[in-house]
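Structure, as structure tokens:
A, B, C, D, E and F are the chain letters, set down in written order, and residue numbers restart from 1 in every chain.
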Amino acid sequence: MTQVKEFKEYRLRMNKKILDGDNKVIKRIFSADTMAYDKGALSCKTKELLGLVSSLVLRCDDCVKYHLEKCLDLNTTTEEIHEVFSIAMLVGGTIVIPHTRRAVEFWDELSNQNDR
Amino acid sequence: MTQVKEFKEYRLRMNKKILDGDNKVIKRIFSADTMAYDKGALSCKTKELLGLVSSLVLRCDDCVKYHLEKCLDLNTTTEEIHEVFSIAMLVGGTIVIPHTRRAVEFWDELSNQNDR
Amino acid sequence: MTQVKEFKEYRLRMNKKILDGDNKVIKRIFSADTMAYDKGALSCKTKELLGLVSSLVLRCDDCVKYHLEKCLDLNTTTEEIHEVFSIAMLVGGTIVIPHTRRAVEFWDELSNQNDR
Amino acid sequence: MTQVKEFKEYRLRMNKKILDGDNKVIKRIFSADTMAYDKGALSCKTKELLGLVSSLVLRCDDCVKYHLEKCLDLNTTTEEIHEVFSIAMLVGGTIVIPHTRRAVEFWDELSNQNDR
Amino acid sequence: MTQVKEFKEYRLRMNKKILDGDNKVIKRIFSADTMAYDKGALSCKTKELLGLVSSLVLRCDDCVKYHLEKCLDLNTTTEEIHEVFSIAMLVGGTIVIPHTRRAVEFWDELSNQNDR
Amino acid sequence: MTQVKEFKEYRLRMNKKILDGDNKVIKRIFSADTMAYDKGALSCKTKELLGLVSSLVLRCDDCVKYHLEKCLDLNTTTEEIHEVFSIAMLVGGTIVIPHTRRAVEFWDELSNQNDR
């Protein structure tokens, strides 16, 4: 479970440090980020899948991890996750593969953690 | 209706020219591209939304137009499309805005065409 | 003067259409965008130069045009603009050159407009 | 032949305007750009193919056009060009397809011009 | 030799996990990836150099490592590799330098391994 | 102080290895890189801020670290750095946040080192 836990702790600690800078624009972006994934015309789950595929094609490992966590919380299945991976890999090319390797590893850790 | 029609014709004509090159790898990518958006664990509509948001954050106007067409065919509402735009703009930044301007314009043309 | 004027009109018309979608996240991003270039610890001019160089390395022609307009309003000289171009071309590579060609053309139109 | 000719004239005119800015860094990048494609351990043709594939995956239409011109001058065949396209599309994803459409169109114009 | 070995083992293990997901699109992309670097109109070596330069400008360290391995197997010289680096750095900008640092380190390990 | 020191040593060692390759184009890019941040029409500090924001939106952690070092040497305040972060995050999107987390951590180490 180490990778998942370390990731969460580092993210929280550093997000706090960023927000402590008290920059108005940054705070507005963070609040928009929370708002964007709220239920609207689209369901929370669809929105998290959109966040996941965007993070994959833009090749942001930490963003991928964050959305994988949320996807698991919303009962996304492994098969659904692989369909997101397939679209990301097709649209974004084989350079997405190394990020998919890390995503698969993280998803595994997350899923096993949840089994408990 | 000119923009929609011109876009479709150019895409078809040039895709044909690409495939006439008879390159095995390119043909395989084109066939995977068709397959990726078929119904699977995720619905066709969800997959098209994933294709749309990926195209927006990667800032590919022609890909955006293609997925907007498909989204309309699958009865996606304007409100849903705007939620996809909002996630793209948040994740991909304000550089996505000029592409959103062109997307909004194309969506309008498409929707009006459909009204008829 | 056509290019400058057309660009402004299209941007305004389409931004309106985007905001008419009444999406909360998009509206928040637009308001953060206005706020970000206000005077703060850094001057307005420095901030516009930051916006310009970011737009160049991310290769967003419309964003470049927008920031060039603002830079001219803030009395940035052609020599300063070329130093921004040089850093963009160095950091972002020769793929920035075609965008610099269009930037130079737009800057010329803007400057001549101002002479009047 | 219009597209090829227009592209060349615009590029020359605007490159001149950029260099007239007399910025030392920009001039050094332009001279490095000339030097990079000279024969070395790798042949000129291999280097132009490297320039072409880089331009395609970075999705720079004008850079693609430039390298296609050079490739034709060095007797690259259409089959070789399609193999470069296939690697670009695989590594860079389907977002490279719209750029390949424009590349195929330009290559056709170039080749027909040469037949004369 | 640790870095080279670790990289290979992780890649194999995770590629297996990805393919175990049994997604048709992903499997097709993997098979196209193998096919793309087969001898065709262009030699295997030229194709690997194309894969290498694409990976560098797209800044994918793991893809760079993979192609460096293949390049060494095909008797590419260090001087040739540096010419690929130079084109990548020129086209992709100085942001390619940190990836070149890691590439140079990996190439060294690979080459020394081969001396034995 | 470990992170700062390790980063500097690795960068120096590997830059040396790159330059030992004795490639003319690479050497010219490195010399242009030094020249670009010299005082000109814009101050050294403004130029370093331009380098910093470009590195952030292009998401190059090592480039960010390098420019943070230079910014500190030129007496940039934490508030100014946060304004650069805010523009990078707005223009480049939330995918810049993970890089900002690492930048904030590095800036902290750098600043504390300087207190001594």
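The rule we apply is simple: a contact is a pair of C-beta atoms (placed from the backbone, for glycine too) under 8 Å apart; a residue touches a chain by one contact, two chains touch by 3 or more.
This is a predicted model, so every value here is computed, not measured.
Following the contact convention of this document, A, C, D, E is the list of chains adjacent to both subunit B and subunit F. Touching subunit C and subunit F at once are the following chains: A, B, D, E.
A rotation of 120 degrees, rounded to a multiple of 5, brings the CA atoms of subunit C into register with those of subunit D. Farthest from subunit E, judged by the mean position of CA atoms in each chain, is C. Comparing the contact residues of subunit B and subunit E by number shows a mostly shared set, over half of all numbers used being common to the two copies. With centres taken as mean Cα positions, subunit D sits 27 Å from subunit B. Between the Cα centres of subunit A and subunit C there is a gap of 31 Å. Work out the mean CA point of subunit A and of subunit B, and you get 23 Å between them. Shown for subunit A are the residues in touch with two or more other chains, namely 24-25, 29, 32-33, 36, 55, 57-58, 63, 79, 82-83, 86-87, 89-95. With chains as nodes and touching pairs as edges, the resulting graph is complete, every pair of chains being joined. Residues 24-25, 28-29, 31-32, 35-36 of subunit E touch subunit B in their complex.
Touching subunit B in their complex are the following residues of subunit A: 29, 32-33, 36-37, 40-42, 46-47, 49-51, 53-55, 57-58, 63, 77, 79-80, 82-84, 86-88, 90-92.
Across the interface of their complex, subunit B is touched by residues 10-11, 14-15, 17-18, 21-26, 29, 33, 55, 58, 60-63 of subunit C. Subunit E meets subunit F in the complex at residues 59, 78-79, 82-83, 85-87, 89-90, 93-95, 97-98, 100-102, 104-105, 108. Only residues 57, 89-96 of subunit B touch subunit F when the two sit together in their complex.
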